[in-house]
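In the two complexes below, chain A is the common chain; its partner is chain B in one and chain C in the other.
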Partner chain A sequence: MMRVTTERQAAFRDSLFGAGILVPSRVQGVYGQGPSFVRVFQGVDRFVTQAGSSDSPEVYRFPAVVSRDCVERTDYLRSFPSLIGSIHGFEGGAEEHAALLRGHLHGDELSTHFRPTDLVLLPAACYPIYPMVSGELPPGGRLFDVLGTCYRREPSDDPARMQAFHQHEFVHLGTPESALAFRDDWLDRAQQMMDELGLRVVADIASDPFFGRAGSMLAARQRERALKFELLATVSSDDEPTAIASCNCHLDHLTVPFEIASAGGAVAHSACVGFGIERIVLALFAEHGLSPDDWPHDVRRRLWS
Partner chain B sequence: MMRVTTERQAAFRDSLFGAGILVPSRVQGVYGQGPSFVRVFQGVDRFVTQAGSSDSPEVYRFPAVVSRDCVERTDYLRSFPSLIGSIHGFEGGAEEHAALLRGHLHGDELSTHFRPTDLVLLPAACYPIYPMVSGELPPGGRLFDVLGTCYRREPSDDPARMQAFHQHEFVHLGTPESALAFRDDWLDRAQQMMDELGLRVVADIASDPFFGRAGSMLAARQRERALKFELLATVSSDDEPTAIASCNCHLDHLTVPFEIASAGGAVAHSACVGFGIERIVLALFAEHGLSPDDWPHDVRRRLWS
Partner chain C sequence: MITERIREVIAQHGRLAVDVSTLSDTDDLYRAGLTSHGSVNLMLALEDAFGVEFPERLLRRQTFASVAAIRDAIEELHAELNV
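After this line comes the complex of A and B, so read on.
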């Protein structure tokens, strides 16, 4: 799917560059985060952590890379092939290295010298959880807090569509009933949270950007069954609001491939709420202006008290 | 360079798995971090941040991916080809996707369908700074605080040699004199910090793991000029202590390729101190035991006060 960047999105991006909030790189959708962005990022991440802490989640962190096998066991390759970042490495010796450098000096394609490794970039924060919990869940299921450094290959001039970004997720694994209840509970809580940050959001049924023609049908089915809700905010364009959080029920889509059963051995379901930290930060700059010190008192208190 | 994992290193790793401190994955040197690890990680990272905050560094954060161009402008490809993680993407349409999935179902090599992108995994936290500061520095130079999600392709059973890890660096760009003074100042400060955490470290002249025969000469030259110092601690083996921090003077090695001049236009030099956060966490578990609640009062106070 080609996405068109609007002039307003590019203008917002340029204003962030001008204020030193984001730093451009030579690659679309890959930015440095300046001191002001970092300060807001840390505040938002702490705010999200606190919002989930009353449920005492198990706090795990996973690297920006994940085993290729983990991603292949889901339908990611079928559903989102164009978003994957596949990691390749150089395995040659002195001779191949010399050829590599000669190729470099002559402007040849360096990367033909590289071979696929057993790693890909992490596409979503929760993926590494599923192989970890393979087996039977305890009564009541399990609840996780994960913050992931995620990657999706979607070069764009819309600052809200970064190739590299952070998802902070709470993930529940349990019964079909508990998974659905978790999703619905967080749909309310996440709206309340965004309201506390002074962000006007709308909740809407959504679908993932499945690849190709078969993908359109998958997306339609996902919408029909109302499995995914997104909280949409205006970042730089009213016409195309940005999803800053999402509440998802995965049914048994991830529990079956990883052989996860609920207590007693029946089928398990999973659900998650995901907060797009960079997108929430951008929504705050868009809503409250480029100077965090001038933001409403209540918002500042919630981020930095 | 092949590194041999000792039995004691593998035994320490297995004790971390057993205690739920690290979580194994299907890939060597790629781990999940359990609740106890995360808690210590956050404490160490805060401790490092505080140690540098009196100098009021500019705080920047960069993604786990960096433009291929940035890494090619340094000598990284010449010096460390085998450590690079090159990112490849799928750019085909419906037909190529069908072929990709058929290949998958028949166990063919998936990744031949992927083409190199303009990104590689970030090899060191400070790399994205240099293109950003291209031009003339202000009087006194500049000082940065960066925390990077780094990658080096070195599969190992030694838990201290992770493929994916975090570096927290302070980076100074200025004159040859100020760069050297910065490096020497931090060599003292970093030793003091590790002492405060109850870690027994030894400072030693070191070299980077340059590739191949020409690399051996580069390494010897780096040692001769005493450009790199490492703080070595015992993590799982007395015979092979682990570098948990390093203090480096880069001379003009990074300022020349990115056309960075000191105030007035003369040549600039750069220097950095880098803390390997995961390695410091592991050194703490090795030194004080697997139960952080039982660690010495002073250490706990410094991490979590």
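After this line comes the complex of A and C, so read on.
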């Protein structure tokens, strides 16, 4: 989906380049993170980890790639085909390589010699959890802490819309009641956390960017049922706030395809809270200025003490 | 008749648990087996059949809850097109 970058977004991005906070590449929405960004990133991620640690989540880390089968089963491929980053590989031998070299000399598109593999780039940090927990959950369900490098194909000059980014999630699988309670609890806790970082956020009902006409209906239904909430903060401008965290109730959309039951055998429900770490970092720079040493004492204490 | 065409579309695309001819115009389609996925397919088929595009405000659960509800929505859209 083409999104128009506003002047303010481009101006904020340029100020980040000028300060060495982000490093431009030749590709839209792909940036290096300079030392100042990295320091804030590490502080934010530690702050998020600590916020969830009192619940004793099971801490897992998964790679930045996931099986194509997994994203088919989660319906991601059908619902968000334009966001997928598909991994292609070269599976030929000497003959095919010779053809590739000849083709390249003639100006052929190199990608015609590559084939889709069984992998895609990870679109959401929690996806690898679901196939792992197929079967019956213990009483009380399970709770996970995952930090993932995610990819969504949305090239943009808006610095808050990076193609590759990190999501830190807390994910609960349990009964319909416990999943909804988890989502609602985190909606409060996440707002509290952003408040502690001196970020002004507004919580709003939201929908995922489902593709196409069918997508419009799925999005309308999702909004109607208030399944997804986003915390919106100012990054580039107040008029176009950015979702820096989201709290989602999945109902049984993930537990049915992966055959996850709650204790006793009924179909489980799941819910998650996701923190967009890069976006929170950018919101901090936008709110408190480009020099972290000058940030409010309380904010610095929460990030780095 | 618009309701006849609606019933045809439901029969072909709604994937109800029962024959739509056994349902009255006001019977609840969801009770008759219309699922979330089914309602999306039904919406697309109705748009094709009647040459309309449902705006967000009409993409709600209740729009597809019965033959009568669907008829009301389509008549509303046709009226807007004729303005």
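Note that in this section the second predicted complex is superposed on the first by the 298 of 305 C-alpha atoms of A that agree within 3 Å, B and C clash if a C-alpha of one lies under 4 Å from a C-alpha of the other, contacts with A are read in each partner's own complex, and residues count from 1 in each chain.
Just so it is clear, contacts are C-beta pairs under 8 Å (C-beta built on N, C-alpha and C of every residue); 3 or more make two chains touch, one makes a residue touch a chain.
Please read all numbers here as calculations on a predicted model, not as lab measurements.
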Which of chain B and chain C A:S86 touches, first, second, both or neither: first
Partner chain in contact with A:V66 - chain B first, chain C second, else both or neither: first
First (chain B), second (chain C), both or neither touched by A:A245: neither
First (chain B), second (chain C), both or neither touched by A:L16: neither
Partner chain(s) touched by A:T117 [first = chain B, second = chain C, both, neither]: first
Dominant toucher of chain A (residue count), chain B or chain C: B
Touched partner set for A:P131, first chain B, second chain C, both or neither: first
First, second, both or neither for A:R221, with chain B first and chain C second: second
Which superposed partner A:V30 touches (first chain B, second chain C, both, neither): first
Interface residues of chain A shared between complexes with chain B and chain C: 213
Footprint of chain A on chain B - complex, ascending: 23, 25-27, 30-35, 37-39, 41, 58-70, 72, 77-78, 81-82, 84-94, 97, 100-101, 104, 109-112, 114-119, 121, 128, 131-132, 149, 151, 153, 162-165, 211-213
Residue ranges of chain A in contact with chain C within the complex: 213-214, 216-221, 224
Chain C to chain A touching residues, read off their complex: 36, 39-40, 43-44, 47, 53-54, 56, 59-61
